[in-house]
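Both complexes shown next keep chain A, but they swap its partner, so chain B is in the first and chain C is in the second.
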Partner chain A sequence: MSKDVKFVIKRRANPQSAPYIEEFLIPYFPKMNVVAALMEIQKNPVNTKGERTTPVAWDCNCLEEVCGACTMVINGQARQACSALVDQLTQPIYLAPLTKFPLVQDLVVDRKVMFDNLRKVKAWIEIDGTHDMGPGPRVSPKVQEQAYALSKCMTCGCCMEACPNVNSKSKFIGPAPIAQVDLMNSHPTGALQRERRLEALMNEGGIADCGNAQNCIKACPKEIPLTRSIARLNRATTFFGIKGWLNK
Partner chain B sequence: MSGKVIVIGGGLAGLMSVIKLAERGQKVDLVSLVPCKRSHSVCAQGGINAAVNTKGEGDSTWEHFDDTIYGGDFLANQTPVKNMIEAAPSIINLMDRMGVQFNRTPEGFLDVRRLGGAKYSRTVFAGATTGQQLIYALDEQVRRYEDEGLVTRYEEWELLSIVRDEEGCCRGAVVQDMKSLEIQVFPADAVILATGGPGMIYVRSTNSTINTGFAAATAYMQGATYANGEFVQIHPSAIPGRDKLRLMSESIRGDGGRVWVYKDGKPWYFLEEWYPAYGNMVPRDIATRAIFKVCVDMKLGVDGENKVYLDITHLDPHEIDRKLAGVVDIYEKFIGDDPRKVPMETFPAVHYSMGGLWVDFNQMTNIPGLFAAGECEYQYHGANRLGGNSLVAAIYAGTVVGPKAFEYSNGLKQHYTDLPLALFERAKEREVAKQKALFAMQGQENPYKLHQELGEWMVNNVTVVRNNNQLLTTDQKIQELMERYKNIGVGNGAAWGNQILPFTRRLWGMLSLARVITLGAYHRNESRGAHYKPDYPERDDENWLKTTKAEWTANGPNFSYEPVDTSFIKPRKRRYDVAKEVTV
Partner chain C sequence: MTVTHTFFWRKLHSLSGILPLGIFLMVHLFINSMATLGIEDFNRGVALLHSIPYLWFLELVVIFIPIIYHALYGVWLVYLTKNNTLNYRYFRNWLFYLQRVTAIITLLFVIWHVAVLRFSEGFINSNLDFEFVRTALNEPVILILYLFGMLASFGHFANGLWSFLVSWGVTVGEQAQRTAAYACFAVFIILTAVGINALLAFI
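So, the complex of A and B:
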């Protein structure tokens, strides 16, 4: 059985140039995923019109949905290209870059803002130093399981893409860093610095910008309980705000 | 302390060295091909080893040390390995303090599992995404130093070459912004390479696509010695895919998974039969060769292919979810079957390079001022790496190299600021000229296709079983590919966002290292760890208890050999059918 799979790809040479659509036919093979198809284009960059073209640019590293690099919009949905199996997609398959981040080329975008946001909210545990201080705090398996669920965020940006309040006009940091604050604040050592993170979340573009649309949680490939974290931190920031006001 | 250190690579080794430097108040430039959080270290599933003995089994650092040396077939220098093993428990504690979500015992202590080649449970883990959790924790600490202004990150920048001064010392790095392809030179007093493994030389492997080994290759081509290249680990269990061979972690066997094939219509647990003392927990080289024997020699592979069953259907589904969810998810996602119900079908795949840049006990290469740490160097695993030892080796090497590079740069009589600017300009101009030449390549060959060919040859001839005539023909093939390389066409894409050009550059590095691996294997006429030659089936300590050292020349690698430090444990025969004897 030899059939071809059609890919309709939104391309753009650079942020200044106009976008255009280019189509490719890739011979089907079992268990084919979107990354494997893009690799075939690299080896034979010829479009459906039979014209030789530049290979499509995209990002990937791990190919097992753990690094977050290959995120793009596939048939209208932001997801990882490496775990998007052709057998489970309707054809033709439409590929486009994420829209909430500056474009680099074709399917490549620059998600630096997500890392910057992690810095803004101080998503780290303040240890005294790397010298040997013995073990960390003891943790119950139940607490670990909850925290582990949050710690799998791979900064892929699907939640940002889905969130209506993340857009070029808003400064909203988006749901991912909020969940990371929840993670850090729930850690016994991290909790010692919880106020600093809450403060950061109360700045411009912080948690108040979330309209509670709940799109993010559905979009997250790692099933991170984003809205639970948002709700929890909403309460925490409100409480922290009142306390701050009373102490004035 | 006006000096500067550059760290290339933001995996576990690189990030740890940055932390150690920043902690000393040292300014660091951190250059990484991908955002650090996306480094290959995220792939590690099984866990990280340390003799924490939280199960009261009587594990000790000595046992861990002996297992590592024995598992590595005595090729590793023992002093640095011993130091690493002794530091391992404190490394776990440190990662724990940084907030890594390790699995816990009911009492709240660190849970441990068992991996291959060990008689004790000494692998600490965070679900099935240990590497991801470790790297996130280190990345967060580095972000803190970034916030304090000590660290400057250059993410999505690539190392092109190092700068060497008149005396041959390393004085900086020539780097490239991957978006604009703009080339810059970063002067410094010391450079640390922490650039990971070279698995992509084989194309199809368990490695991330960025693991081309180019940074190590470029250092090698500039005079750094490459050691033990021929030792490449083939992991016994991966699932096939045209883009990648996805690893099914050894923790599956560690948590009770059993390997079998049908024989005479009945399941045959060949590892348990052949290696009663270790069963499914034999080290990787042993398991892989056993699978090869069963599939290739006895023709008993599943569906007549090189596949065996890896079975967890007998395990408690809740335990599977708690400990193995990440791995099981990958199988379900990419194969479509539920391993809780149907035995998985797996086969061996290229996984890890024990070889790498030669370094001394201070992690410095033979080029003064150029250091290396992590999978890109050769120091901690000998002829075969034990599961869970690489994460600890990468982090440990980071804790050593940071302080050593700091000492080195502060001890320098002349700092980079004292050197003529022309030195740096020349280094940059060289790369600019090379890039121009790359852009001018308008031949008929496609670099991705050449890569594919290289991979096929390497997988077929330089993996589990090695024969000298095949190795020689493979080397000839690589040279032919190097000829054809000159006829590559890179197309007429602009510089902005161009991916073919950097790939073509990396391909040359891969071809050069492929020769080091292949010829290193050709010369080593014995069998040791992952290196197996049927014509020389025994380990030969008299002639080959030696580290291979390859030096670049225009006509291919030049080999020399150096004795191995065996100051703690006398080499003895390695076998897994009976229990390992006690050493003190």
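So, the complex of A and C:
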């Protein structure tokens, strides 16, 4: 016997139009995830009232929770639609777009700000030269292990969505780019730009805007120790700030 | 160094809640507790406080300027937050929300408390003594408002202390932050016990 799964989706044709709720019944099949359900809607876009409607727009790419493209608000919390298994969700399943990013259409948002923030904090390591610079310094396994955890960030935006201090009123860059500063500063070559990254974090909307609600570490699907990175950089920026002022 | 002022003011906001305001809160409570010794002792404590040299300067620099700064900047921070405790029901998120709720309660309480006890009664009428406080606190409404105001300010201070330790980079690891949370909870319990005991001395 087949059963139906009800989806309640917050939709919006474009950023200017008013949001509305549309409900869909999708035939259940074993091991289905939210992306699969959205694909079913795309095949046959008929809502619960029996009306033919426009297919729901959403983003997805890797389908294995490493790209972050399909991040949306599922039953109130931000997560990836690809790893959201229907069997593990309470029904009806509520889908809504992320609220901390500019909306494009339906469940699609523009997460450009996350990449802008990575640029702001200089979350890269400068290695390029006009000549061979030889092998880089060795990194201890302990540092490698810490770095690996931080490198799993896929800029999906779950931490941004969960953070009460990231919103349209505040300029806070959010937890993700702060952890990337921790990652880049932990690398011996990256550490050469350490102070420039700390300065970036001390700018407007930087690390001091964190209010320690610590939702980020719980919301992160990649289990990145975000609050540890934030606290570690709180220490680094505090020392750097005091030292800078005393040396002025 | 091209650091904007936000970083400095944010850090100062965190610090000012502990030093001097948290320290002042504890000293204040300690002096109030003289009421548990007796009427004469309390009146002596009040008289001693009022006879401190450079009192107006100390009050201005150690209490009024920090409290006005902490309050004004704090209200701005409350405005900047979009709370989401209904979707993210985590313990820390609730404390983060309560920190803002207690901020507003404490602010209203302190304005009322200072307007009545420091300015109109302490300055203008100068009839502030045990008897005056006893008459006031024997009004059930005032007693309840004081109880709420005290609990809000102690909670705000204790959680603010925890947050200060994270924001200034003292407690970094999860275990250290957890231990600090227990310690701050103990601070809250001790302050509450001492505060209620001092209140009851007037009843």
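Heads up, the rule we're going with is that the second predicted complex is superposed on the first by the 242 of 248 C-alpha atoms of A that agree within 3 Å, B and C clash if a C-alpha of one lies under 4 Å from a C-alpha of the other, contacts with A are read in each partner's own complex, and residues count from 1 in each chain.
The rule is short, and it goes like this: a contact is a pair of C-beta atoms (placed from the backbone, for glycine too) under 8 Å apart; a residue touches a chain by one contact, two chains touch by 3 or more.
Given the structure is predicted, the values throughout are model-derived calculations rather than measurements.
Taken together in the superposed arrangement on chain A, chain B and chain C fit without clashing. Residue contacts after overlaying the shared chain place A:Asn47 against neither chain B nor chain C. In the superposition on chain A, A:Gly206 makes contact with chain C only, not with chain B. Look at A:Gln91: by the touch rule set out above, it reaches neither chain B nor chain C.
When the two complexes are overlaid on their common chain A, residue A:Asp106 makes contact with chain B while staying clear of chain C. Once the two complexes are laid over each other on the shared chain, residue contacts for A:Ala231 go to chain C alone; chain B is not touched.
In the superposition on chain A, A:Gln193 contacts neither chain B nor chain C. In the superposed model, A:Gln77 makes contact with chain C only, not with chain B.
Of the two partner chains placed by the overlay, only chain C lies in contact with A:Asn167; chain B stays clear of it. In the superposition on chain A, contact is made by A:Thr130 with chain B only, not with chain C.
In the superposed model, more residues of chain A are touched by B than by the other of chain B and chain C. Taken over all C-alpha pairs, chain B and chain C come no nearer than 18 Å in the superposed arrangement.
The part of chain A that touches chain C in the complex is made up of residues 76-77, 162, 164-165, 167, 169-170, 199, 202-215, 218-219, 225, 227-228, 230-239, 241, 244, 248.
On the chain B side of its complex with chain A, the touching residues are 19-20, 23, 34-35, 37-40, 42-43, 90, 93-94, 96-99, 101-111, 126-127, 129, 132-133, 136-137, 140-141, 143-144, 146-147, 155, 179, 208-210, 240-244, 246-247, 322, 326, 330, 333-335, 399, 446, 448-449, 452, 491-494, 496-500. Chain C meets chain A in the complex at residues 1-4, 6-8, 10-11, 77, 79-84, 86-88, 90, 92-93, 96-97, 99, 162-163, 166-174, 177.
Within the complex formed with chain B, the chain A residues making contact are 13-14, 29, 31-33, 35-36, 39, 42-45, 54-55, 57, 60-69, 82-83, 85, 104-106, 108, 110-112, 115, 118-119, 122-127, 129-130, 132-136, 138-141, 144-145, 147-148, 151-152, 154-155, 183-184, 187, 189-190.
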